[in-house]
């Protein structure tokens, strides 16, 4: 019998009950569409409370859009975006950022999934030369695609380099909650205060039904964003139901509870897998993902019962993601099954 | 005291309880993301049952996307889309179709919101001439933006003209349910059987939380669509919750019940307003919208209590939309308030 | 026997001998590519002399590019460009401006090919509403597509309206020389001094081999233009040979001599045709084009010997363009042939 | 005193006298614009003679366009183009290919500037997965950006891999003449017969004023190209003057004479520089470019007299290009000056 929950992705999990409750609670009578409603206003207020009063925030449907629209707000078509070669925006969006912005994304080698100033420097050239695209944004993913977390200093250094060179720092925060939980900081401390200019704030992977936000820490950058959002096909008519999800996430710090839980489960999974001699943990487990090298034959057996992704075929590395709803039993049963499979 | 429900738009209404229930019911355990789940498979099956086995259907977040992506699937960037000058895709999408397709939209004068073959012919020229964009799609809105409904023969004529001239017929069906209900036909009879090639199937205005579908009646046209959907930032990770909405709509013909009800309320509203001598109904009420000329001073009074849109400022015409949740009392109270305001 | 010269288009003419001579003269040794050469610097200087010291000018290959790139410099993708419904940018560029800018072009009815403030006003709405594209540029063609010329006051009024409403005034000057000659003003007086922001300065139709310029009267608007030019595939490597053409045109006012001559030939053609009772001149002949209604049967006969375009099939109106090389004999022979054909 | 000719780029050279003569010869009377003229027809015929009767050829203004439009003809926006990391289309076009096609370009490490099947394979993945862009074109530069030339077998292998995997092979032939001259093959043997699908045929660097062609060896791929050319702002009105340049190049094999000469001068330059112990030739000299490592201090001295580009700052490698007009004396004087400078 297949287990109810897998470790394939944090978006394979469903909706947290409190969030579903908030959606149902917002289902009262008529409200004006497209965001001019009290639910949206209230959710926006919560963002301002967490990130600062002059924060500008816009809700969109998914992460692809949060990222692509963020980049559009920061660029002209002849600009370039520097990112890690494993960045989601570079490898997993079917070219959506390029299509919507017209820009080139410049991939840069990144150890542990993290960009460094030195790495960025290799892509920062041709400035002022019209034959070259002009670097305009550094985009990092926090937590990274391989489950690591940028430390504050690392983000600050990238922000400083960006600003010193006429660029912006964008954060793909599909898992920003897990990163912030891991850092033990406040939301603002872990983003705006480090020099981040624009944040794609993810909620879907953290228990929402489908809700992402583009958060601007410089209101000027946001001046025309609502036009880009509409032209980018991302303006929800029944916006209140996206807003309600954020409202629920910010109530009693549900965002943090969910993220901490997922992170804790990842630590547990790491510990359990580490006990198996044939299994090797590949990246530091700093958020909610565990990347483990597992003997090829065992992977095949595992996949008969569990759905998950092989991250690196040739190295037989698998990606295991924990969610807000992963249980201790889920982890233990999976680890036990791995133990028996290897 | 403001009433709970307005006549501003069918998207100001909330979610039908059965649809919310279906969303909650789909919230069980983990399923694979991005549509490879049993809920999506089941909803797709229902579309095939209604529209034919070789129908290809793709779910997206909103109507802007359903339309823009439909057009992308049918065009190259040097093509043109012929539409009514009042078409939503032309006036209300902030240029999203142009941005995503690169195409020109050619607006054509349209009485009662309906394109005719004669009107289309005025925009069909420059064929084979590289200086001109090449007409490739006729796009109509069913029901139209002014509450009228194309009769079967009218759609057939446009489809025939399109196909005879190497073009496709696209239907913006944000309110296709209301149109089909009005025509008294089956979904397939009212679309595919009349020669429609691609349908933007709207659910959001018909009681869904946020769910639209792009429906292809020619599988070849759909061959690459999933890449356009992803690149168009419209691939939902937790797809099951969009699918569940369609499942609910097709269960016990909820789509039809909702649409019929809204249409009936529009008829009632028309009858009630017609009793007021100072009020003049402008367009035939054939779906769920009523366009009424109301003395300017009365409009101001009405807007203090009700939120709605003035459609034509200079002619003092207002747009009044009925929804799945509009009640007889809502209509009567509003009509009474109009009577007292004029 | 077919005559050597037709009245089909001013771009059917060849290159003025002085211009060809200048190209040959520039063919000395090596110079740096892409515009960093003395020929380009000299040509730019001449533009500054004519239009003002802080003018910024960029050379491109053709008119489609001059217009599309001008508009790109003035817009974001959610903006709109208001133009006459017969504007070349709207009907004759295969959607190039839309493709390169992402913007919608809004066609407006225009008597005699000329936009008016009243006409522009019909397209200026939805301001600040994210559902609508935002009007950002008024684009006029000078001389117009139907051979008329905006008077100074008409341009000023449009410029004032544009600037009062946060818009720019762009001039498609494919035939700016003919217009300026007709107005009897200086180049600067007829453009910059009237409030024009950006000018597509055409040379190809005025005796050049292939040379157009984008002229900015506000240097800030030009700040990033060279990147757009390169990304727009319009940066010539052997730029000196475009520059040399402008150099020749500005030497001894060749641009003016050519334009005046073509205009004069158009006046002669008008006079000669006016003598034929069956022929009717349709638009005021103010530049180098004559639009004449000619009996359908005569058109067929004429086309056996002369190549020209039927402008309006149903009204049997033909377009006859005079060039820098049209001779008095050409005109007289053609008029005589018309006389015999009707 | 600065010498008349430098080694900066083959586009710093002027126009071959025969080509200028051909332009002047085409300057007779009026011909129809936009390519419907006898000069263009004749030049097209010459291409067909060289490349095969069913070849389709289109003239454009420059190499950026020839490449970007070629790629557009082969792709949809969700496709990807695999190219060498040093490919001109990747590093030197200001993102023009991405902007016009919407596609991602995937850079691949390439020794000696040449792609190999093994290198291409590293970028060929995610096939059928909608999260990934879909590889559709392999684009190689012949001769390469570093002066090497693909051998026939190398091109064949890439073509076979492309075709076996549903891709096309595009050749950026800005210096195709130099490559063909080096290979000692016919034009068709060196391109079409090896499996190339589309060729950007460069003339500008080979003595033309400004003329490039897009050559399709599969007419189906060319079906809509003229619309892309117009929409891509690359349709010349006075096309005859581009055509005349090709006519001249194909007359008495001027293209080959020019290319052979430039190649020979590069060999001479290589030999002369090789005699200087402090100078090291970095890449095989196979076409008309020489890449030489020269002591940093000597470079500074050289640049006072000669204009050229430093290819690799940190390795003090300079790029030296020979042209159709480079003389033996030019080479000897330069080499002598290098000898004295080191």
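Labels for the chains are A, B, C and D, by order of writing; each one numbers its residues from 1.
Simple rule for what comes next: contacts are C-beta pairs under 8 Å (C-beta built on N, C-alpha and C of every residue); 3 or more make two chains touch, one makes a residue touch a chain.
Bear in mind the structure is a predicted one, so any value in this text is a computation, not a measurement.
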Chain pair, B-C or A-C, that carries the greater number of C-beta contacts: B-C
Chain whose average C-alpha position is farthest from chain B's own: D
Mean-CA-position distance for chain B and chain A (Å): 33
Chain A and chain C, separation of their C-alpha mean positions in angstrom: 50
Interchain centroid distance [CA atoms averaged], chain B/chain C, Å: 42
Multi-partner residues of chain A (at least 2 other chains): 77-78, 93-95, 99, 102, 130-131, 227, 230-231, 235
Interfacial residue positions of chain C with respect to chain A in the complex: 34, 76-78, 102, 130-131, 134, 224, 226-231, 235
Footprint of chain D on chain C - complex, ascending: 4-6, 8-9, 11-15, 20, 23-24, 26-33, 61-65, 68-69, 93-96, 99-100, 204-205, 209-210, 227, 230-238, 241, 307, 323
Touch list for chain B against partner chain C, complex: 77-78, 80, 91-95, 98-99, 102-105, 107, 126, 130-133
